[in-house]
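In what comes next, chain A is part of two complexes: it sits with chain B in the first one and with chain C in the second one.
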Partner chain A sequence: MVATTGHSPSALGLKPGRRRGYLVDRRATLLFSFPAAALLLVLIAYPLLDDVRLSLAHISPSTNESFVGVQNYEAVLSSSEFWNSVWITARYTLLSLVIELALGFGLALLMTRIVRGGGTLRTLILIPTMLTPSVAAINFRNLLNYDFGMVNWFVGLFGIAKQPWLADSGYALAALVLTDIWRSTPFFVLVLSAGLLALSPEVMDAAELDGARGWQKFVYMQVPMLMPLILVTVLFRVIDLFRTFDTVYALTNGGPGNSTAVTSMQIYNDMYVGQYTSYAATEAVVFMALTLVVSLFVLRLMRSQPD
Partner chain B sequence: MKVLPAGQRHVPPSVSAVVSPLPVRANKPPRAPIVAYVVVTAWVVVSLAPVVWMLSSSIKPPADVFAIPPKWFFHISFQNYADLFSTATGSEFGRYITMSLVVTLGTTLLAMLVSVPASYALTFLPVKRRKMWMSLILLASMLPPIVIVVPLFDFWQRLNQLDSPVALIFTYAAMNTPFTIWLVRGFMAQIPRELYESALMDGATHLKSLTRVMVPLVRAGMAAAAIFVVINSWNELLFALFLTNTNRTAPAGIVATLISDRGMNWGRLYAASTVVALPIIVFTIAVQRHVVRGFTFGAVKG
Partner chain C sequence: MTRRTVRALQVVAGAAAAAMLIAACGSSSKPNAQQTTIGPITGTAASSVVPWAASGQAADTTVTVCFFSGPEFDTIQKHGTDFTALTGGKIKIKMVSIPIAQALPVTINQLKTSSECDLVDGASEHATDLNPYLLPLGSMMSDPALLNSSVYNLSDFPKGVLDVATSAKGLMSLPFSADVQMIFYRADLMSQWGITVPKPPESWTWQQFEAALQTMQAKIKESNLDMSPIAITGSRDASASMFSLTSMWAFGGNPFNGDQPNFTDKKAIEGLNHWSGLLNTLKLASPGSPTYAYNELLTALQQGKVPMIAEWNAAVTDLNDPTKSPITAGKLGFALLPYDESLPANTPRVFPTTHTLGISAKSAHPREAFEFAAWYTSPEVALQLASERSSGARTSALTDPATLAKNPALGTVAAAGALYHPLPNIPSFGDLLNNVIAPSVNSLFTGQKTPDQAAADMQSGAEALLKKAGK
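The block that comes next holds the complex of A and B.
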């Protein structure tokens, strides 16, 4: 709290000491936080708790039991389909992330050497990121179409036979990763090139005067100095990739078979067709827990940075 | 611009030790960035090809959209757009776009209205366990939307709000609020506390201190947050699929039509894609300078 004595009269000519007390501050806290708190409690916290309630019940079109213990958890945790979806999500996340980070850093380093036209190029690079993800995925779906897609026409020019890009399980996951690389690499370029430009030029010049070569600057200076920024960006992307839905839904719908059913897609399918309500809610709780583990892990990683 | 101060003290001492015996190469001419231009331009050309394809296909005569090999030269035709917005073709796209606009505007207003005061409280006012709340808010912003979809469907059904913009506006606002609070609070935390104290000392109420002193000072942060919400709600698909049925938003309308109807007219699809994508691209380019910091959790200060 602020001491209200010993201040000179204010510029507005009001008497000092009109500073209201702690109770006024408390009331303002409640009033100011209430709308946000209500929104988050009703539409985020309550649904999460409701998931837990549903997961302990057995609610399906045919039954309605309000408590069955951990039966649903046993079903989900022993379901190879569920764990397969987690495995697909993990592969999709890691593959996209590693490639995007490498490409993004490379392009960002190149961008720092470009002076004339840099602004325009940066805007153009960013356009894929601005596209509505589901719309972009639909367009990729058409481009990869077996009969009428531009990609099969293009590879045909080189004498390569038409490939079932979205009907082959290996290709389909690759197509998903590719779509995300296309969409999200610019995000890394944007952040990393801003970070590179912000590195103190004096330090960089000093290193150059000391004879540091390009790769030495990169390994010993740029990467360590940008590490906090890299970690924040990676955190962002991991969370985003981990909960991907739009792109998968619009590009492959989880198919062929289950080969691109990331966890969000799997839960969606189980909700609509494959399973009963309580089963899907249980999957949601488990997925929530997995996300929490990933989030906490990355948060710790960020905090453990030397500073 | 400034990067997180954290990194700046982290210059390894090894750099000069490794290289000091080398003669100093003074006056080294900067290498011509030709390679840089070539590689970056190549990336731009390849990555924009699908976008250009979408735009150009949308203005082809419907008969040319499927042509293989592609028709590079064609009569520009706006037939696809005319079909898209004409009710005679059974297209409901006009309604979808209206719904998207209403939901996006409503969500942005609501999210800003609730998150700015909350940011003020979390920055200046006495809040018990402030750190815990901030961590919870951060975790909430990472929540996968799929996990709350089943309970939310029941919730809005019981309130009889399925298929209405209200359900989407409140749901989207709730999903975006954690991030906007986090972002706006980051900007407020940089305001010297003396400003807050002197405002109150001058007899301002908290409401005045918020609206007259703080809001003008964090306009950049609020702009970044609002832009973020606009983009998110315009693009959202999952909740729109679940919570609406006939009053679709545009992305949900397009995707649902596509998934349910294999014979969807591609020309119309390209036109619809363009109508959804183009406004948000133009919008993002227009507000670009506010975006960098917002998209990086305030990690890059611009």
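The block that comes next holds the complex of A and C.
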């Protein structure tokens, strides 16, 4: 324990014999943590550094130059295709996140009122999150099929004409958001309902005694008390939504046109279909930086929360 | 820790455990891979084509074939043992699987950096990228010790098939599979509606095709059926790009001027206009067409939602299988893609998608690899493959009377193969299909762009792509 405090042995008032023991402990600590630290360094730092190295080279089907400076960065930063994909990703992320948070909170509040069978319900509600995203996307693609999809059959019951849902850029983005809501809202429900259950009943009872009612309790008590948990969940989801690839690939493949081509898909296409290794690596670095900025913003919000 | 906190943690832990359990159960079942049931080929004809390998004089060698996972891989693997038996056990075939989505980058990487792969797939759309790393076959093809050229009969391959396997250095790979796009239709409904579809090698002109679809639409309306006359693909993928190119070629368009993109060619735009016009102007195609890829076109026909589709020959087997397609099995007819009435009927307009075996320039066993490639693409093996699948690269296999009697669609496949259009010598052609032509075609089909705008997008996209590729 001493070794981890960061204080020197003399400052802690240790005798010389104890001091030697402290140094041995410290060395042992460093020695034992070294393999794990080295492994982490290799697993995390190496791919990142290699990506940066590739972004400074020019490797494509017809070129193989090991260093071209920031040429790729200039190309990516001035590419309307890349920024368009970032804009699509941002819209997709924001829409999904806001709806999932609102819906998730609502359902979590409802679930706290369930006296019997709440555990079973929580397990059942979690099923969509267990589905592989591409499987969920294929299911939605079939549901939204013009000729044999269940959605068109259903709207037909009300005399509404069949729609080619995924052929319209607005509907296609909505379909992507809907698929993610269906799959990921349970994650919010699970975390927030656990958070609600963990809130001190004494505090809530005191608020009630002070005259706080439903909405007031929600706005002034539950939301502020759960804010750290909400922000952590939002952080996870933002990172997850920014990385989305499989859902888009299986549901719309980026169409109609390029209207749902998110950045991950843009990078994949450049890397694997086009084989512009360096260009794709640069897109990855730039997008990682953007993700980092957004994540740091959320982290800052978290730190600004009172204890 | 309060009791409520403990309870909350229990809820989370319980739900997570249940989730993992259900997920584990879900992932335990997996559909069986498609089995190929091709018999051994070790007869006299098979051995006479590759005299050196069949003589058993080769040293003990293992030839490694690097191929993407799929039915083609399984078939090569299966016949690899037949070939080994033919060589008296001297030349063994080892298969290395490559994920299909990464077939090109992995293959190129292998060819560039190692000698592990002796043989690779020189697929038509990747040929320009792969050919620089392959061994030209000219000298081995003319060596009588290695190949009995009269039995092999190179002229049995349609010109279009050989063209995609040839570069400036000569023949670079040997074809064993060639797929085509064609029209599938419900012969029972056509006969009921009094519509005569020309039998290949005859085909409709585009104008006759549109008129026939309009007749079909009128009949559908009369019968009050929930149907569109045709489903075509305008989705955002390489297959839709290939179909759109066929429409440009059918009108005499020239979307590639040599090795340069030329999508704003007037005739090419006219072709695009007619192709997308089936949906947007004439309202003859299913409104689902902008999102329909291979499997959805198949399903639309299988479920009786359309009486006609433009589709790949690979769909024949499923559509004629009564267990999978009770509505279409035994009722299908096959036709060639139409052409503009101002052009001759034999206007090249079919996109060549071939699979070939090419020898790595770094191969340590080029003679052994050549013997296997030549044997696998020989007339006898081609006949066997055609009888099992609705595909083949050799005319003799596709027009063999016994095989045709078993699978009449092969006649259309052969006729369509004779209409292959040459491909341009453009690097990153797969990328051009997937990321430049496909989004533009999809924009056109969804009404976001006019044919002129879509063609302009293809042109600027192709130019940017060539720049990105370092050209």
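Brief remarks on what is shown
We adopt the following convention: the second predicted complex is superposed on the first by the 260 of 307 C-alpha atoms of A that agree within 3 Å, B and C clash if a C-alpha of one lies under 4 Å from a C-alpha of the other, contacts with A are read in each partner's own complex, and residues count from 1 in each chain.
Criterion: a residue touches a chain if its C-beta (ideal position, glycine included) is under 8 Å from a C-beta of that chain, and two chains touch if they have at least 3 such contacts.
Note that the structure is a prediction, hence the values are computed from the model and not measured.
In the superposed pair of complexes, A:123 makes contact with chain B and with chain C alike.
By the touch criterion stated above, A:150 is placed in contact with chain B alone, chain C being left untouched. Residue contacts after overlaying the shared chain place A:164 against chain C, while chain B stays out of touching range. For chain A, the partner touching the most residues, choosing from chain B and chain C, is B. By the touch criterion defined above, A:190 reaches both chain B and chain C. Of the two partner chains, chain C is the only one touched by A:258; chain B is not. By the document's definition of touching, both partners, chain B and chain C, reach A:198.
Once the two complexes are overlaid on the shared chain, A:275 sits against chain C while remaining clear of chain B.
By the touch criterion defined above, A:98 reaches neither chain B nor chain C.
Residues common to the contacts of chain A with chain B and with chain C across the two structures: 123, 126-127, 130, 148, 190-191, 194-195, 197-200, 253. Residue ranges of chain A in contact with chain B, taken from their complex: 2, 4, 7, 10-12, 14, 16, 18-20, 22, 24-26, 28-29, 31-33, 35-37, 39-40, 42-44, 46-48, 50-51, 54, 107, 110-111, 113-115, 121, 123-128, 130-136, 138-140, 142-143, 148, 150, 153, 182, 185-187, 190-191, 194-195, 197-200, 203, 207-213, 216, 220-221, 224-229, 232-233, 236, 239, 242-243, 245-246, 249-250, 253, 263-264, 267-268, 271, 277, 280-281, 284-285, 287-288, 291-292, 295, 299, 305-307.
Against chain C, in their complex, chain A makes its touches with residues 58, 60-63, 75, 118-119, 122-123, 126-127, 129-130, 141, 145-148, 162-164, 166-169, 190-191, 193-195, 197-201, 252-259, 261, 269-270, 272-276, 279. Those residues of chain B that touch chain A in the shared complex are 1-12, 14-16, 18-20, 22-26, 28, 31, 33, 35-37, 39-41, 43-44, 47-48, 50-51, 53-54, 66, 68-70, 113-115, 117-118, 120-122, 125-127, 135, 138-140, 142-152, 154-155, 170-171, 173-175, 177-178, 181, 197-198, 200-203, 206-207, 210, 231, 234-235, 237-238, 241, 251, 254-255, 258-259, 266, 269-270, 273, 276-277, 280-281, 284-285, 288, 292, 295-297, 299-300, 302.
Of all residues in chain C, those touching chain A in their complex are 2, 4-5, 7-9, 11-12, 14-15, 18-19, 22-23, 26, 101-102, 104-105, 108, 129, 228, 231, 235-237, 286-288, 290-291, 293, 296, 299-300, 303, 305-306, 427-428, 430-431, 434-435, 439-440, 442-443, 445-446, 448-449, 465, 468-471.
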